[in-house]
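Input: structures, listed below.
Heads up, the next two complexes both have chain A, just with different partners, chain B and then chain C.
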Partner chain A sequence: MHKTALEPIAQVSPTALRRWASALFGTTSIHAASIRIATLVLIVVAAAIVPHFTEFGNVQSLMYSVAAVGIGAIGMALVTLSGNLFMLSMGATAAVSTVMFAALIHLGLGTTLLLVVLSGLLMGIVQGGIIALGKANPIITTIATSSIIIGAGVIYTGGLTVIGKGDATWLGQGKLFGWLPTQILVLAIFAAIASFILQKSRIGREIRLLGMRAEVARIAGLRTMAATLVCYAFAGAAAALAGSLIASSSAQGNLTYGIDLDFNAIAAVLVGGISIRGGRGHISDAVTGAIFLAVIGNILLVSGVSYEYQLVAKGIVVLAAVVFGALLARLGPGRK
Partner chain B sequence: MLQDANPGTEPVAAQSLLCARNLTKHYGGVKALTGVSLELAPGEIHALCGENGAGKSTFIKILGGLVQPDDGEITVDGHHLKLGNRTDPRLISIVHQELAIVPTLSVLDNILLGGADQSEIYRRSQYRDSVREHLDSVGLSHVKLDAPASRLSLAECQLVEIARGMSRQAKVLLLDEPTATLSDAEIVRVFDVARRLRDQGTAMIFVSHRLDEVFALTDRVTVFRNGQHVLTQRTSNMTTAEVIKAMIGRELVHSRAKPPERRADLAPRLSVSNLTVADKVEDLSADVAAGEILAVVGQLGSGAEVLVEALAGLRGDISNSVKVDGQAIKLDSIRSSLKAGIAYVAEDRADKGVFLDAPIAINITASVMAKFSKAGIMRRAGEQEEARRLASMFAIDPKRLPHEVSTLSGGNQQKVSLAKAVALAPRLLLLNEPTRGVDIGARAEIYSTLRKMADDGLAIVFYSTDLEEILELADTVLTVFRGRMVRHKPRFEIDGDTLLHDIVAGDSDASHGHVSFRNQPAQVDNA
Partner chain C sequence: MHQSQRLLNLAIRIVLLVGMPVIFGLSVNHYFSQANLYAIFQAFAFLGIIALGLSVTMVAGEFDLSVAAISTVAGLITVKFGGDSALLGILYAVVFGVVVGVANAALLPRLGVSSLVTTVGSMMFLTGVGYWLAGGRVLSYGNLDVSDFLDHNVAGIFSPRSFITIACFVVISLFLRFTTLGRDIYASGGHRKAAIQSGARVGKALTVGFVISGGLSALGGGLLSLSLATASATMGSNILLQAASAAIVGGIALGGGIGSPLGVAMGVLILTILNNGLGLLSATSTQILLVNGLLLLIVVLLDGRLGAVLASPLDRFARRKASAPV
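Presenting the complex of A and B:
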């Protein structure tokens, strides 16, 4: 096994299998490749045997369920890649963002999106600053800020639903060519930006190297503080954008909307095959994880399985993915 | 919590108390031990000597069951050990070189930790009297049983470890550099304890870098070199010179041209004046010329390695004591030292030196990414070329550049670590143990590359505990003992004996006044 987390500079001479795999998936991690194959197989099988799976309405709802979680997972992926495990304030940020979105939508969709995403970015920067400068534990810091964010949200709304007085249909229900939800377009653009930063930019490489081994990065003189800040800023913005997508479909904001983004994003990151130890993985892995989970949830939904059982199934899938990843890591040569 | 120590033993016929036969251990391509055998008689103190990397620690770890050997067998007091399982502490007990003290536990609990009591209920009270006795005998009568270990000094922690080793009443006691942190008075006490245990029939292996201790205490001496057994002799039949020769494999005769002439009109490349690092280095001054390779030499804990780390910006603000090319520089962090043209290669490759899971090329250019980025975006072409240039400089196969560093041997990993620092085009290169765990071939390549760079005007300062390396590579040698400089001389004016004497005894006239230097507050860090 040869997991290359950073894009090789010159062409590695790959085995036939790997060349085939990388041509198809553009990936180098066995775990991530497996999930990609599994997702394809799942979709094909579901299309063949699950009734109503391929119906227009169902495909639409599947795409809508991917969009917000996918964006959250991309933000979470950056935090995980930088070696800071998970950001547990993303759900709170998304929930408060739905409220902000509804409260501001009368200003127009573009302005609202900008303001909401910017405030999420700021919340991320504050948390990143506490973690990078204050050397605070990332899990504890984000749990604490999560409580602050939700508390502030309740103070503002009194726990009530905020009804937006404006038009968010372009984002909420808009479709390109009559079938592609604009939310998927937003996801694609967001993924492209994150991927570019991570793969091509200097700060992106610093993020990966920091995640691989923080002490080596520090001694090598990398900008570790800036790298941490960028990750949390990006993740905060991602949570806010995800919240905006959720709020836009009904032009309403409520602190229960999007509150489970933490778990869903973490699940997507883990299932997608991004290493929890940091440094190893791609943005596309997180998106694949989100698609995989959405497809499973959708299959259960159209098969009439109730929400409780969907939750149980989701948990089992995440556990299986983590165990699978751990087994792969142990079987791989040259790795403890 | 009680350890689940599986005795894992079965009786066999016995002659000596401990008998290790044909122990072999390879780590990847690195041979840590090859076919090593050793026998211990009851009531014997047996010195184990060898340079760093000779295999002493691996040997000790195999005896303790912490490392599974590839081959070989061990019997203790007629019991076959199940290798790779933790050894029953009643048979073999180890006093570790790295302090194995839990700072939050009491002294009593620390001593009972992992002991022979395997019952599920922890009854510490019944051991109080015997533990008190052991503490008294190592000179810790002033230490309370219930005091947390965090209140102990470094030396006291070491003595607690020794008391723990005694309390196990093991047949065989392994002392892995037990005196490295102790003052002379404390060492005398430890020796008394060791002799008493010997008279009771305990067999001991005593690992030490200080040869004077070996001759003062031990009955027999065994020397390892490069993972192989070289000799076992009665200590009284040996001389210091003979032991040193056995350790490094040949007489210490090296010839090197004189160090580069210091040009009077040029400011020295590096000028250190009155450098003090709290509790580690006192009032140290030295100059290094461009093109000069300076070895800073001293035992672990002497402060020699701290000097190199301080220059790398790892030990706080030393701006006031350092000039580079005659100019005062800001030196309070790693980034400020990098900015001043000082590059540092850390001693621990895996944890500090290289990104094992990143490609070699990306490792090499990690510190100079700014040079190859425009508006924050990496420009691959120039970066590739630079990686190739540095790889060829260190004889790293350029075809392997896209591969991960973890696929390389230890020696080649070290070359990557060096290339990463050299990529900065530094004015001063700092090396901490430049070839630890590196095979002989790669070592020679590294030396010749470093020499070439020095000839081109680079100043190099390195810390090493490898005597051969120091004499091979250095133009000038600076020895440090207990935080103070002992000697600063050109290499050709120093021989191995002098060097060893400086390291283990300091400048004997002046050194004894500074015994108190070692009694610093406990610094038990779990990092």
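Presenting the complex of A and C:
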């Protein structure tokens, strides 16, 4: 006979605020939670003291700068979570994808997106295969493939800008309800898919366990190769999608567009508080990191700080996040 | 890495070092001219010094992703602050490189983070600093006498700049081989835990490793900018790829603990000979980039499982030979 019926059900139902707080911070690390608070504080403070920050146009441009980097950061987060640190070919994949997008856009937006994302997926699978099957160092492998991808792109374009002959305005400039860019919708859907795979599916659990203890995962009979392949495939597709978003806003492709996606995505992952040692972290952490960096970049931009100083500032933020995250990981309970 | 894998690696290196010049010599006129050999050693001077520094961190079981950014910023510092005295400019640059090296290493043992993470952070930061120093321009250096001196032809194929690189190779080689700290660097890369437990000064070894790599990258970048009499924020963009290739081709294992500066020198020569030959065959810079990428891919595969698979027949042969009656 079941005794559960006799047990008291939860007597105090949590208040809406507590539920909201635990949804935001409950399962994340201290680092990720701090960045969420910091992002909120930053936005509030900026809205209060930075002139023009809350203007419609600026909020729009802020959202556009989050979209592509956020998608890239989600892909990078999967690679980091699987214990493979970073994928240094995402910038190259995104750059080549802007060119492909512009070259194919006459086929229609849907077909183009499908083809570009599939080709990114394929590039990711090849790299994941080399790393999983060949036991090759992930960083060096992706540095090598990055130059191969860019080299192939330069041979195809001759270093020129490819101007698309088609309509990409739905993705590039479209807005829902007159204010929400479709790019943000794409980011939200992509984040939801990635989060579902990572948290709810079998392969997602395998990815996280692989990241925590690769050797244990292998001995336990988890599908470590499939997990690695899925991560790189997803990251390749993410880079291609990010490239598509970048290309769609001007319907142009050039190998200098999106080339800094590596840096931005790594920065978002590091700032967002995803553990570099793999296994620990959420997709939402990466997106938070991307938002945080975009807000900082936007504040500097609105305040008229030059591009060079913005780069330096971004570097300082990333370094600070690395130090902060490592200190927390050392102090935190149950972490080695 | 097994003994046989190392032997295979050495064999490949020797075949490439002998084979490539023969092939290029047959297909290009005047390949073995003094001018071309000089050009090869000039390329060796820059790539060699960067690859040497990187390889020291690799031997210690780490990886310095910031070498290219350090050399770029060092070049800018040299040109910007060495206007009156080139020596002073180089000194500033090297001090800067050493400081970055100390910072890179400072986070490692205390925080227990992979050096790939800390150096990716400093790489981003320094890239920003580079753009800031250059201010979107190409800086030029007025004192052309220094450039002429650094690159003037010595003994037909060398120059003071390539001598400096060769001297660095000799010094680092002696340091790694004959000092306790040098051996601690090998121990840190071989088996970190065992090294700590047997009393190797791992923290100090890592610091010295990153100081060497930061200092050498800065020296290389400074000397290059003096020799070109210009510096820009994008100068060293491609050098990390080549330096990593050269080090791994030269027998430095990515896992750490294995390899020697002599091997790295061979790896650097292989890469410079390859790129020089491709250039003479009128390959574009893109095609050279593509070939370098493919080479690095092959090399990283050989460092992984593929190398062990290829070396396994050699292993079996060695075992059979060992067990055979004399």
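Here, the second predicted complex is superposed on the first by the 306 of 336 C-alpha atoms of A that agree within 3 Å, B and C clash if a C-alpha of one lies under 4 Å from a C-alpha of the other, contacts with A are read in each partner's own complex, and residues count from 1 in each chain.
The rule we apply is simple: a residue touches a chain if its C-beta (ideal position, glycine included) is under 8 Å from a C-beta of that chain, and two chains touch if they have at least 3 such contacts.
A quick note: this is a predicted structure, and the numbers were derived from the prediction, not measured.
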{"item": "A:His52 touches, of chain B and chain C: first, second, both or neither?", "value": "neither"}
{"item": "Touched partner set for A:His106, first chain B, second chain C, both or neither", "value": "neither"}
{"item": "Touched partner set for A:Ile139, first chain B, second chain C, both or neither", "value": "second"}
{"item": "Broader residue contact with chain A after superposition on the shared chain, chain B or chain C", "value": "C"}
{"item": "Touching partner for A:Val322 - first (chain B), second (chain C), both, neither", "value": "second"}
{"item": "Which superposed partner A:Phe86 touches (first chain B, second chain C, both, neither)", "value": "second"}
{"item": "Parts of chain A lying in touch with chain C, wherever the complex brings them together", "value": "85-86, 130, 133-137, 139-141, 143-148, 150-152, 154-155, 263, 266-267, 270, 276-277, 307-316, 318-319, 322-323, 326-327, 329-330"}
{"item": "In the complex with chain B, residue positions of chain A that touch it", "value": "2-6, 8-12, 200-203, 205-206, 208-209, 212-213, 215-222, 279-280, 334-335"}
{"item": "Residues of chain B touching chain A in the complex", "value": "312, 314, 334-335, 338, 344, 346, 351-359, 361-362, 366-367, 369-370, 373, 376-378, 380, 383-384, 387, 401-404, 406-407, 420"}
{"item": "Contact set on chain C toward chain A in their complex", "value": "63, 65, 107, 111-114, 116-118, 120-122, 124-129, 131-132, 135-136, 238, 240-241, 244, 248, 254, 286-287, 289-290, 292-294, 296-297, 300-301, 303-306"}
